[in-house]
Amino acid sequence: MIWQIELIILVLVVLFGFGALATKDLLSAAILFGAYSFLLCLLWAIMGAVDVAFTEASVGAGVSTVLIVSAVLRTTRRTDH
Amino acid sequence: MLLPTYRCLIGPTVFDRLVGVNAIGSKTIVMLILIGLIYKRVDMFVDIALAYAMLNFIAVLAASRYFQKQKGLYDKTGKRTPLI
Amino acid sequence: MKITGLISLIFIGGLLFYGALDFPPWGDPTSPASSHLSPYYIEHSIKDTSVPNVVTAVLADYRGYDTMFETIVIFTAGIVCIFLLRSFKEKAPESRMYRHIPTGIILRIEKGGKVPHESEYFEHIDSVWIPYDLVIRTTCRMIIPFIQVFALYVIAHGHHSPGGGFQGGVIMGASFVLFAIGFNLRSAIKQMSEKIVAFICALGVLIYAGTGVLCMFFKANYLDYSALAPLLRTDPVTARSHGILIVEIGVGMAVMAVMVVLYYNLSSAGKHDEGL
Amino acid sequence: MMVTIMILLIFGLIFFAGGAIGIIRFPDFYSRLHPAGKLDTGGLVITMSAFALYTIQPFDLEAIITSIKIILIVVFVFITSPTAIHSIVDAGIRAGLEPWEKQEDK
Amino acid sequence: MNAANKKASIDDIRPDHNKNNSFHHTNKKQFALIPFVVTFFIMACFWLLFSGKFDGFHIFLGIGSCLIVSGISSRLLFPRGVPPLLLKTWLKFAGYLPWLFNQIFLANLHVLYLTFHPRMMELINPKIIKFNSRLKSDVSRTTFANSITLTPGTITIHAGVMGKFAVHCIDDKSGQSLPGQMENKISKVFDE
C-alpha cells in the first residue's frame, strides 16, 4: 500500500484523538470521537484487516456516538478543572 | 480531507464540528471503495461502505436531538458563557 | 496527583516500548507467530471447516472459547448497566404532559393531579416537547427495514465476506436506536419491551453455550462442532460450518440486545420514560 | 470507457475540493452547510458512478452485483444526507444561532 | 427562537396530523397480511441483491431473515391510515429522477462557482424565506424537503405538518424559483 496515505491518515487519527481530549466541551469531544473512529476504520482497511474495519465502522458510526451523546445529555456538558 | 479536519478541530461552535464530521464521513465512503479497487477486492469493501452509508447520519441525528432537548448553546447553570 | 499520574504513565509507556523492542521485526517471515500457527490456520481452515473467510473460522471455531467469553463479557456489561442505572421506584415527576388525541389539546398535570390512563384518547408526551419533525421521522420510517435486512445479511454471510455475529448485531441494534431517536423512546419500548430484550440477550448467550454442551452429549469436546454431524445430517466438515453459523446467530442476538439495553438505560437515566 | 471514467473522477474530485474549500471560506454556519451538503453529495454521486463503471468491466454476475451495490450506496446517501443536513439546521435554529446576513441597508 | 418555529409549533398541535400518523396511537396489535406480504417481497429482492448467492442454503437463510424483518417492521413501511404507495407512483417517481439529477448538477455548479469566486462575500446574500406548500401526504412533503435541500442554494429549515416550509437560501437568484416548478412536478408524481 502507498505509505504516504497511511502516514497522513495516521497523523489525522492522532490529531483527532488529541482534539477529543483537549476540548472542554464534552459534546464536541463526542463528535470528534466519531470522526476519530471514521479515520481509524480507514486505517484498518488500508492495513488489510477487513473484519476489524467492519467492526469499527458499525460500532463507531452506529452506536458509540449515540451512547456518548445520550450520556452527556443525562450528565453535564462541561468538564471542571 | 484536511480542510474539514481544520473545521472540526478549530471550528467555533459545535455545529461546525458536525458539518466537518459529516464531510469526513462522505469522503470516508469514497476512500473505502478506492482502497477496495487498489486491493482488487471491491466485493469485500463494498459492505463496509454500505454500512457507513446507512449509519452515517445516526450520530448527526443524535446530536441534533440533543439540541432539541437541551435548548440553547448555553449550559443549564445559567452562566451565559458560550460553550466553544 | 496529576504529576504522579504523568510520571507513572511515562514510566509504563517506556516499559512497554522497552518490551516492544524485543519483538521480531514487522513482517518477519521467521517470527514464531508466522512460522507455525498462522500457516496452519491458512492451510487447514478450508479443509477443516469449509469456511472461505479464515478470520471467521479462527474466531468461532479454533478460538471458540475466546469468543464465547467475549460474548459473556458483553452480556455482563448489559446486566451491570441494568443494575446500576435502572430505577424501578416510580418517583412521580413534577409535571406530566398529556395530549388529548382527537382534539390535540395538551394537558399539563401538576404533581398530585389525577393522571389519565394511556388509551386511544390520551398520549403521554415528553416534558420538553419536541414538535413533530416530519423529515426525520419519515426518513427513519423508510430506511429502518433496509438496515435490518442488511444486518441479517451480515450475520448470515460471515462465512464469505467480512462480518459476522458481532457486526450484524451492532447494526441491528443501531436500527432500533434509530427507531428510538426518530420516533420516541416510549414507542420503541412499546415495540420491543425491556423484558423481551433481556430475554433475547440471555438467549443469545444460551445458544452459544448450549451448542458447546450439545457437542459434549455426542461424546466430543466442548465446542467441537463436528460432533453435531448426525444431528444436522451432514458430514463433519459441513457440520462445523453450520455450527459456526449457529454460534454467530447467538452472538448477534446477544450483542443486539445489549446495545438496545444500553441505549434505553443511558438515554433515560434508568427511568424509561423519555429518551434522547 | 476509460476516458469516461477519468472524466467523471476528475469532476468528482473537483466537487470534493470545492466542498472542502467552501467549508472554510463561507462566513457562517448556515451558509457553510451549502457546500458541505451539496458538493459532497454531488461529488460522491459522480465518483461512485465512475467506480461502478470501472467495476462492471468483466461483466459477469459477481461484478454486476458489486456495481449494483455501489449504486445502492448512492441511493442511501441520497436519502440520508439531506436528512442529516436538515437536522443540523434544525438544531442550529433551536439552539438560537443567528443566521449571518449582509448589512447593506445602512 | 425563530418566529417560524413558534408558528409552526402552533400548527403542529392541530388535530389533523394525528390522522396521518396513527402509528403510535393504536394499542391493539392487529396483524395485517397485505403489508406483511409486500414487505416480504421487497426485502427478498434486497436480500438477493445483497447476497448474490443462489444456492438452497442461502435462499433458506434469506427467507428466514426476510420473515423476521417483515414481522418486526412491516408497520413502518406501511403505517396504518396512510394510503400505501402504489407501483404507479414509483414509476412516476422514476420519471421525476432525471430532472432532479439535472437540477442537482446545476446546483453543484452554482455552489462551485460561488465557492471559487474571489469576491464571494459580495455575491451571497443569505436569507430565510417562508411559503406554504399544497402537498398533503408525509412522503410527498419529505420528498419535497429533500429535493429542496439538494437543489440550488437552498436548504430546508423547517417542514411543518400543515405544509409550512421555511427555506434558507444563499443568494437572491436561488430563492426566487421556489416553490414553483418542483412542487408541480412532485404533486404530479403523487397525484395531489
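Which chain is which? They are A, B, C, D and E, in the order written, and residues in each are numbered from 1.
FYI, a contact is a pair of C-beta atoms (placed from the backbone, for glycine too) under 8 Å apart; a residue touches a chain by one contact, two chains touch by 3 or more.
Only a predicted model underlies this, so the values are computations on that prediction, with no experimental measurement involved.
Visitor: So using the touch definition from the top, which pair is joined by more C-beta contacts, B-C or C-D?
Guide: Result: the pair with more contacts is B-C.
Visitor: Using CA atoms only, can you tell me which chain is the most central one in this structure?
Guide: Chain nearest the overall C-alpha centroid, as shown: B.
Visitor: Average the CA atoms of each chain to get its centre, and name the chain whose centre is farthest from that of chain A.
Guide: When every chain centre is compared against chain A, the largest gap points to E.
Visitor: If you average the CA atoms of chain A and of chain D, how far apart do the two points sit, in angstrom?
Guide: 21
Visitor: Indicate the whole-number Å distance between the mean C-alpha point of chain A and the mean C-alpha point of chain B.
Guide: Chain centres of chain A and chain B, defined by C-alpha means, are spaced 10 Å apart.
Visitor: How far is the middle of chain B from the middle of chain D, if each middle is the mean of its Cα atoms, in Å?
Guide: That pair's centroid distance is 13 Å.
Visitor: If you look at chain B, which of its residues touch at least two other chains?
Guide: 1-2, 18, 20, 43-44, 47-48, 50-51, 54-56, 58, 61-63, 65-66, 68-69, 71
Visitor: At which residue positions does chain E touch at least two other chains?
Guide: Counting only residues that touch two or more other chains, chain E contributes 5, 50, 145-146, 156, 159.
Visitor: Taking each residue of chain D in turn, which ones touch at least two of the other chains?
Guide: 19, 21, 33, 37, 41, 43, 62, 69, 72, 76, 79-80, 82-83, 85-87, 90, 94, 96
Visitor: Can you name the residues of chain C that touch chain E in the complex?
Guide: Per the stated touch rule, the residues are 99, 101-106, 118-120, 123, 131-132, 134-135, 137-139, 141-142, 144-146, 148-150, 152-153, 156-157, 160, 179, 183, 187, 191.
Visitor: Can you list the chain E residues touching chain D in their complex?
Guide: On the chain E side, the touching residues are 1-2, 5, 49-50, 52, 104-105, 107-108, 111-112, 114-116, 120-121, 124-128, 145-146, 149-150, 153, 155-159, 168, 170.
Visitor: Can you list the residues on chain B that touch chain D in the complex?
Guide: 1-4, 6-7, 13, 15-16, 18-20, 22-23, 26-27, 29-30, 33-34, 37, 42-43, 46-47, 49-50, 53-54, 56-57, 60-61, 63-68, 71-73
Visitor: Can you tell me which positions in chain D touch chain E when the two form their complex?
Guide: 14-15, 18-19, 21-22, 25-28, 30-31, 33-35, 37-39, 41-43, 45, 61-62, 65, 68-69, 72, 78-79, 82-83, 85-86, 89-90, 93-94, 96, 99-102
Visitor: Which residues of chain D touch chain B once you look at their complex with the stated criterion?
Guide: Where chain D meets chain B, its residues are 12, 16, 19-21, 23-24, 29, 32-33, 36-37, 40-41, 43-44, 47-48, 51, 54-55, 62, 66, 69-70, 72-73, 76-77, 80-81, 83-85, 87-88, 90-92, 94-97.
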